[in-house]
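This is the structure I have questions about; it appears just below.
By written order: A, B and C. Residues from 1 in each chain.
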Amino acid sequence: MSAEMALQEQVGASSLRSEDVNVWFGERHVLGGVSLDFQPNQVTALIGPSGCGKSTYLRTLNRMHELIPGAGFAGKVLLDGKDIYGSDIDPVDVRLAIGMVFQKPNPFPTMTIAENVLAGLKLSGRRGYDANELVETSLRRASIWNEVKDRLKDPAISLSGGQQQRLCIARSLAMSPEVILMDEPCSALDPGSTRRIEETIVELSDSMTIVIVTHNMQQAQRVAHNTAFFLAEDGNPGQVVEYGRTEDVFNTPSDSRTNDYVNGHFG
Amino acid sequence: MRRKLMAKPFSWQDKAFFYTVRAAAGSSLVLVALIFAFLLARSLPALQQQGLGFVTGSVWDNSTTPPLFQIGSMLWGSILIAFLGIILAVPMSVAVSYFIVFLAGKRVKAIATTLIDLLAALPSIVIGLWGIAVFAPAGAEWSQLINKYLGWLPFFSSTTNNFLGTPFIAGWIVAVMIVPIISSVTREIFSQMDRELINAALALGGSKASTFLKVILPTASGGIVGGVLLGLGRALGETVAIFFVLNLSFDINWAGVLESRGGSIASMILSKFGEADPKTEIPALLAAGLVLFIVTLLVNSLAAVIVDRAQPWRKI
Amino acid sequence: MTLLNPSPTPQPRPAIEPWKTKNPINTRLVVAASVIPAVIAVALTAIFQLAGPIGLILVFMPLQIIAAGAAGVRIYGRKGFADAMLIIFTIFFSSLVAVLLLSVLWSVISQGFKTISPQFLFQNNKYISATTDLAYGGVGHAIIGTLLVVGLTTLVTVPLGVAIAVYLTETRDRGRNVVRTLLQALSGLPSVVAGLFVYSALIVTGITGYAGWAGSLALMPLMLPTVARVAEEALRLVPMELRTGALALGAPAYRAFFMVTLPAAKTGLVTACLLGVARVIGETAPLLLTINSRNETSIDLTSPMASLPTYVYQYISNSYDTSIQRAWGAALVILMLVAILFATARLISSGKKINLRKRK
C-alpha cells in the first residue's frame, strides 16, 4: 500500500531514470548496461537498427519485460527516485503510473469505443469517476474525439488502424499516467495517421514524460526533445552509443557510428 | 547482478485466481489417483486371493471354494480383438487421410471431414445396435465365405459353423470405432507435411506411389504409430459395442477369429455385473477394471507422448 | 537514381500441386477403366447368380485392379502401374469407410423413423414390456433422465475443464506438460472403468444407492478431457496482444482474464461445452453401473433414473421385433441430439469466422 502511495503521490510529470540496465533472454545477453535519464515533460526518442534492444529496453521501464518467458534483468529503474523493481512494489502499480502504447493497435475487440477508453479503469478496479467526462477528455487529448463522438457505442474494431491506435493512446491517457511509453506506435499506419499521432505526442509532452521507440528518423526529429541511439555490434549486447539533444544527435553526432546511422549508411 | 524477476501474482485476488486454476489442474491428477486408489482398495481382497492366476488363468467359477476368478482369456480376447481392429482400421484410416489430404477437391474434403468427425461422435451403443442388427448378419456371411475357401489356415477354421459372435465381427466393430481416431491424427500429419518435400520427390522423377511409400509414409510413420496406439487404447476399453456382437467364453480362444467365442474384459465386466455376488465376485470385477485401467492408461500415455513428438508444431 | 525499366510486379504463382494435375486426354481411358469392370461384374453376378454384394465385390475388385493397372501403364508407362494401384486402394478403402458409416446412419435413421412419433418422444416406459405394441410407451422419461444427468455433469465439468485450460494457457508452470499428457491419457479412459470407479467409491461404500447424481459423476472423467482440450484451443486463439494490452493498462492478471481474454474466447468455450456434452450423451456402460434404470418419469437425481443409452441397452437385449424397434427409435433420438450439438458447435464457430472477416 505504502509503495503505491509513494508512486502516486506526485501529480504530473515525473522523472524516470534507468541505471545500468542489463537484459537476458535465456542465456543470451541482449542489453548491456543502459543508463538513461528521461527529462520530465519531454519526449525522448530511442532509435537504432532492428535487434539493438531498444524495444526490449522500453519494456523494462514498466515491467512488461518480465512477462516474456525466460527474461532476465539486472540494474535499476527509478521513478521519482523509487526503484520500480523493488521487492515491495506491485508491478500492477508500476504499469498504472507508466502507460504503454504498442506497435500494433490492440483495442479490445469485445468492447465498444467508450468501453475501451474506460477499460483501464475497469481493469484496475477504479471507482468514482465521471465516465462521460473522462471518455471525452481522453479522446480529445488523443485528438480523435471529433471522429468518434457520434459512434461511441460502436465496436472498437470498426475503426481504421490509425483511429484504433489513437484510441489506444486515449485508453492509456484515461489512466492519467505520469509517463507514457510508445513502441513504434506509427509503424503500422499510413502517413496521415502518423502525422496526427505525432501532433498528439507533441501536445501531450506538456503534461507528461514520453519515451518513444521509432525506426523513422524524421519522426524522431519532429517529435523528440532528446534522442538515444542504441546499437548492438557483432553479437555484443545492445548499448547506448549516444544520448543527447535531438538536434545534436542528428546534426553534430559525437560518435562516427551515430553519424553513419542517422545519415542512412546502415540499419 | 541478475535480479530475480517477480512475474508472480502480487495481489490476493491474483493469488486466488492462480491457486484456483492450479488446483483445477491438480484435480486431474487427483482424479486419476482416486480412480486407481478406489479400484485398488476395493479389489485388493480378490487380487490377494487369486494371486497371479487372476491374469493368467481362464476359469470364472463362483461355486468352488475358494471361488476362482481369472481373466486370462478375457485379457487375451481384448488384445486379439483390438489387434484385429487395428489391422482392419489402419489401411482404412491411411487411405481416408490420403484421400482427404491429397486427392479430394475442396468440397469433397469438407464433406468427408465432417462425416469422419460424425463417425467419431457416434456413441458405442448406437454402433452396438447397428452391429448386432445390421453388420453381424452380413459379417457372418462373409465369414462363411472366408472359412469355405481359407478354412485350411488355422486362423480361419471353424468348429461350430456358427459365424455370429466371433472375434472377427467384434474386430470390425472396433475398427469402425477407431478409424476416426487414427485418421484424425494421420490427417493432421499429412496436411502439415512439408509440401516442398513432396514436390521435390516428384520432381526427382518419383511416381505418386513411390513418393507415398518412400517419402510420405516414413515421414508420417511416427504420428501414425501414435494414432494407432490411441486407437488401441480405445479398442481395449470398448464395452457395449462389443458386448452385443461377441459370444463371451472363458474357454480361451488363441487365434481362431471365426470361432464363435472370444473374450473382452470390458464386456465381461458388464455381463457379469448384474448378477454378481457382492461379497466375492464384485471385487474380482473391480480388479478386472483395475487391470483394464492400468493397461489403457499405459497405452494412452505412450500414445500421447508419441503423437506430441510427431507434431512439433502443436507445441506451445 | 531512376529506374528506366521498373521490373513488373510478379504475378502470384499458382500453387504447384502435382498430385492434382489432370490430363484431359486420358479421361476417356480412365472412364473406360472404371466402367468396363463394373459392367462385366454386374453381368457375371447376374448370370451366375452370385450372392449380391459379395459376388459384386469379389468379381469387381480384381477386374477393377487389372483395368486400372492397364490404364496406368498405358498412360504413364511402368511407373503408372504403382500409381494406379495407390489410387485404386485409396478409393477402395475410403469407400469402405463411407459404406460402413453410411450404413450406420442409414439404418438408424430409416429404422428409427419407423418408431418415432410424438407419443414415443413424450410417454414413459411404465407398463410396457418387450412385446407391447409400439403405439404405446416411449422415451420421454429417458430423455428427461439423460438431460438431467448430463446437465449435472456439465455443471460440474465445464468450470473444471475451463479452469484446467486456463492453467494450460495462462500460466507458465512446469507442470503443464504433465497435465496435458494426463488429460490425453484420460481421454482414452474406458467408460466402464469410469463407471466402476464411481460404483466402488460411492455405491459399494454405501454413500448412495444407484442414483442419477452418481451417473453424473461417472460421466465427468469422460467429459473432462474433451472440454479442457477444446477450451485450451479456444483460449490459445486469443491474440497475445490483448493480454499484454490489458496488463500494460495496469490490470491484475485475474481481471485481464475475466474482462478481456474470457469474452474474446466466449464462442470457443461454448463449443467446448457442446462437444463435451456430445461426448458423453450416448455413454452407456458408466450409467448401467451407477444409475440402473427406471420405467417411470423421475426428476429425482438421488434415486435410480432412466436414460436414453440405458433404454437402448434394455431393449436390444430382447430379440422381439417391437423391442428392437424401440431401441432403434431411442438410438435415433441420441443421434439427433449428437447431431444438433455438433451442428450448433459448427454454426457458432463458423459464424465467428465470418464476423472476423467482415470487420477486417
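We adopt the following convention: contacts are C-beta pairs under 8 Å (C-beta built on N, C-alpha and C of every residue); 3 or more make two chains touch, one makes a residue touch a chain.
Bear in mind the structure is a predicted one, so any value in this text is a computation, not a measurement.
Novice: Any idea whether B-C or A-C has more C-beta pairs in contact?
Specialist: Of the two interfaces, B-C and A-C, more C-beta pairs touch across B-C.
Novice: Averaging each chain's C-alpha atoms to get its centre, pick out the one most distant from chain B.
Specialist: A
Novice: At what distance in angstrom does the C-alpha mean of chain B lie from that of chain A?
Specialist: Computed from C-alpha means, the inter-chain centre distance equals 55 Å.
Novice: Roughly how far is chain B from chain C, centre to centre by C-alpha average, rounded to an integer in Å?
Specialist: Inter-chain centre distance comes to 16 Å.
Novice: So how far apart, in whole Å, are chain A and chain C when each is placed at the average of its C-alpha atoms?
Specialist: Taking the average C-alpha coordinate of chain A and of chain C, the gap between them is 49 Å.
Novice: When you check chain C against every other chain, which residues touch at least two of them?
Specialist: 172, 252, 255
Novice: Return the residues of chain B touching two or more other chains; collapse runs of consecutive numbers into ranges.
Specialist: In chain B, 7, 10-11 touch at least two other chains.
Novice: Would you give the residues of chain A that are in contact with at least 2 other chains, written as numbers and ranges?
Specialist: 67, 92
Novice: What does chain A use to touch chain C in their complex?
Specialist: 62, 64, 67, 69, 92-93, 95-96, 99-100, 102, 104, 106-110, 119-120, 122-125, 155, 157-158, 168, 171-172, 175
Novice: Using the touch definition from the top, list the residues of chain B that touch chain A in their complex.
Specialist: 1-3, 5-7, 10-11
Novice: Within the complex, which stretch of chain C touches chain B?
Specialist: Listed in rising order, the residues are 16-20, 51, 53-54, 76, 79-80, 82-83, 85-87, 89-94, 96-98, 100-101, 103-105, 107-108, 111, 160, 163-164, 166-168, 170-173, 175-176, 178-194, 196-197, 199-201, 204, 221, 224, 228, 252-255, 257, 278-279, 281-285, 288-289, 309, 312-313, 316, 324, 327-328, 331, 334-335, 338-339, 342.
Novice: Where on chain B is chain C touching in the complex?
Specialist: 7, 9-11, 13-14, 16-18, 20-25, 27-29, 31-32, 34-35, 38-39, 41-43, 91-92, 94-96, 98-99, 102-103, 112, 115-119, 121-130, 132-135, 138, 141-142, 145, 176, 179, 195, 198-199, 202, 207-210, 212, 230, 233-234, 236-240, 244, 266, 269-270, 273, 278, 282, 285-286, 289, 292-293, 296-297, 299-301, 303-305, 307-308, 316
Novice: Help me check something: in the complex, which residues belonging to chain C touch chain A?
Specialist: 172, 239, 241-242, 244-252, 255-256, 259-260, 263-264, 266, 359
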